[in-house]
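Here the chain labels run A, B, C and D in written order, and each chain numbers its own residues starting at 1.
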Amino acid sequence: MLEELKREVYEANMELSKRNLVVYTWGNVSGFDSDAGLVAIKPSGISYDDLKAEDIVLVDFDCNVVEGELNPSSDTKTHIELYKAFNEVKGIVHTHSPWATSFAQAGIGIKPFGTTHADYFWGEIPCTRLMEENETYDYERSTGKLIVETFEGRGPLEIPAVLVNEHGPFTWGKTPAEAIYHAVVLEEVAKMAFRTQLLRRNQDTESMQQIILDKHFLRKHGKNAYYGQQKESNID
Amino acid sequence: MLEELKREVYEANMELSKRNLVVYTWGNVSGFDSDAGLVAIKPSGISYDDLKAEDIVLVDFDCNVVEGELNPSSDTKTHIELYKAFNEVKGIVHTHSPWATSFAQAGIGIKPFGTTHADYFWGEIPCTRLMEENETYDYERSTGKLIVETFEGRGPLEIPAVLVNEHGPFTWGKTPAEAIYHAVVLEEVAKMAFRTQLLRRNQDTESMQQIILDKHFLRKHGKNAYYGQQKESNID
Amino acid sequence: MLEELKREVYEANMELSKRNLVVYTWGNVSGFDSDAGLVAIKPSGISYDDLKAEDIVLVDFDCNVVEGELNPSSDTKTHIELYKAFNEVKGIVHTHSPWATSFAQAGIGIKPFGTTHADYFWGEIPCTRLMEENETYDYERSTGKLIVETFEGRGPLEIPAVLVNEHGPFTWGKTPAEAIYHAVVLEEVAKMAFRTQLLRRNQDTESMQQIILDKHFLRKHGKNAYYGQQKESNID
Amino acid sequence: MLEELKREVYEANMELSKRNLVVYTWGNVSGFDSDAGLVAIKPSGISYDDLKAEDIVLVDFDCNVVEGELNPSSDTKTHIELYKAFNEVKGIVHTHSPWATSFAQAGIGIKPFGTTHADYFWGEIPCTRLMEENETYDYERSTGKLIVETFEGRGPLEIPAVLVNEHGPFTWGKTPAEAIYHAVVLEEVAKMAFRTQLLRRNQDTESMQQIILDKHFLRKHGKNAYYGQQKESNID
């Protein structure tokens, strides 16, 4: 059943590993077929070295396994809640990618600081509120509901990523491949946002001495340059 | 003797190198056979490029070499103290992996900030107290005793890692392979904890201008997008 | 037409990818032939894996495509403004390389802190002022004009790089290859400047205990060293 | 002449590149033969891809080229000053390795914070004072003299590294290979010292909620674990 979707989901899972977004088994990708009403998802706890296309599990919206020998990802219910609420979304990725996870652990969203962010996310990438005790009983489903709550009044494809507080990122897209693409971009954007914030708080330090600046520039460039094998200015 | 344990310890040592947890000879792995009462450990100062399975040294709890041509790791007595005190532990890893070592050098434990930590460590990864002068005479054994003291009242498999103050991390597990696994996880968790702490202390910076945010998002997405080769919205 | 320039521009684009300065399609390189008055530039939204030398597009100073099947980079007008204003410049590179982009997002220039900077950039690498609303209507051309304004009174080859505020870096040179070279150097210089600033603001911490310093140094060096396989002092 | 020394110096230069300590041509290694009174050193501005063993230049203490077709490194006089003053030193390395260079640019030494440092450097790795204007006329020789001044009263093999203010590191050893080894260790030690300093200044942040800590640990470990394919506690 749904061999093409399963292959797409398998390949997206392998791409996670290739893009260095996961360590060991820390991540999962799913895809959704809206006609069949079925989710294809990585099995739980299987390493990327061992994963095969036929291991991908098919589940329905009640989390019943429809096809597959293995248990689906322990985060399956989170994925299902998102597919239920976000109509255009057909692929979801969860990782513990370190830059995005650091923001999630700090409990703060990623503000837009530049065009790299703006090219993909039309505003702040939000961080969910803390989960309350009574929500932890159906933990994975509650995680999904918290994400949906966070996007009330926003289009999920305008900001195709979220940070789950004390946990890590989820990204999504119109296909599993697009969800991976957004996971890669999110990690880059988080890295730059971290550094932007630190730079703004650690400014006002002194430049080097002008005389050493001149010495080194002119050692390599201009008429009296003496670096390298040629007398003329050169670039290395 | 104990060929299987020696092979396991050899492979775990090589995995340290493959996982980029060690530079030159900065690390060692041991395994323990409780029936024989013997520890298999890396020889001292041998580089991972040169290490062979038959180089693994067998020592008893008095640190006598029972088999092997080479001197055992200079940290052997530390390993022995842990095997004596932690019954379920059958594999131990010591590295100078840079993120965990930075916490050890700062003298502070790694607090749990998110689920990546919580999946493996049921609480703060503790840092030992400073060693006192009289403890330095039997330095490596004292290091082991300090770790054991730090875990008084805690189950070592609930938090299978420690930071030795002014030194670096030790991790352990039910096998040498599991100890390595925990060393890899510790390094990831330390990296994220570092960034989480810095993010919380470097917040409150301004977002970019809304007009540039809009410009870039709409240059790529929606009806009037003009980035790329197609008129329709696209992801790259 | 201009086959050699197109090959040079193609190779410079591939070098961007090889040097890890771009993720996906985030970057573009152009070259300028002043006799023909034509710019050779990467097509928009084409991934580096798929790019071929014959895909390079030739445009004139009015941004008309003179040769090529594909749309030129969406940043083409920015490149054209620079070639118009900077006579000696014959190659331009735009990236979102993460260290330089973090400074651009923070809105601060990169001060010269050491000789690595001084060897290539004769002063602070400036950050442009924020773009004003009325400038956003012809966005890419305005970006170029802002860069030119920033260099009023400065020789562009004395500081062959700029940070566009809320966006990212542009670098240039006498050839496309030299522009790439400067993009690589800029990223290294930005990385070191970031760390320099943070170090200056995070000083005054305590050294380790002298007794442990002595213990470890003397465990490896001198007459009583006992680390490794030999009794004499050794380096590992 | 001195074919073996030249090969050693060639191989040490290539090791610099392999260990990722240099970008382009930013580094040089030399070796010293005290019987011949000659220094073997990398030629200036030659890339590591093009370097051949026969390119290594031999110079005497007056910086006259005794053998070789190419100009010696522009830093040759710095190396000579060190060989003159430091009797046991027979190999010297200069790089712009980014972590060590960041300390040099900040103008602060690297304090000993842990045993990784203590295993190789018996105290703070010092940073030279700023160069004065009158010293810049014989710039490279003055750099060497400044380093020697910084080590007055210290044994250069007890701390085989220095940070030249506003510039970058030099390391040394009893052979060129040992000098490289110290360059690699210095970079690791600088990286950890940076993070140690930042951690100490960015503490006191809150742990995660206990209930989520429990939830995730117990989802994977113990009787009621449900992560993965097996009911028993597992490690991944």
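The criterion applied here is as follows: a contact is a pair of C-beta atoms (placed from the backbone, for glycine too) under 8 Å apart; a residue touches a chain by one contact, two chains touch by 3 or more.
Everything quoted here is computed from the prediction, not taken from an experiment.
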{"item": "Where chain C and chain D overlap in contact partners, by chain label", "value": "A, B"}
{"item": "Pair of chains joined by more contacts [C-beta pairs], B-C or A-C", "value": "A-C"}
{"item": "Farthest-lying chain, centroid of Cα atoms versus that of chain D", "value": "A"}
{"item": "Interface numbering overlap (same over half, different under half) for chain B and chain D", "value": "different"}
{"item": "Rounded Å distance between chain B and chain C, as computed from the means of their C-alpha atoms", "value": "35"}
{"item": "Cα-centroid distance, chain A relative to chain C, in whole angstrom", "value": "25"}
{"item": "Residues of chain B engaged with two or more neighbouring chains", "value": "24, 105, 113-115, 166-167, 181, 196, 198, 200, 202, 205, 208, 212, 215, 219, 236"}
{"item": "Chain contact graph, described as a line, ring, star, complete graph or other shape", "value": "complete"}
{"item": "Residues on chain A engaged by chain C in the complex (per definition of touch)", "value": "113-116, 181, 184-185, 188, 191-193, 195-196, 198-203, 205-208, 212-217, 219-221, 235-236"}
{"item": "Chain B-touching residues of chain C, taken from the complex the two chains share", "value": "24-25, 43-47, 70-71, 74, 105-106, 130-131, 133, 136, 139, 166-167, 208-209, 211-212, 215, 219, 226-229, 234, 236"}
{"item": "Partner chain B, residues of chain A touching it in the complex", "value": "23-24, 26, 96, 98-99, 101-106, 108, 111-115, 117-124, 158, 166-168, 173, 178, 181-182, 194, 196-198, 200-202"}
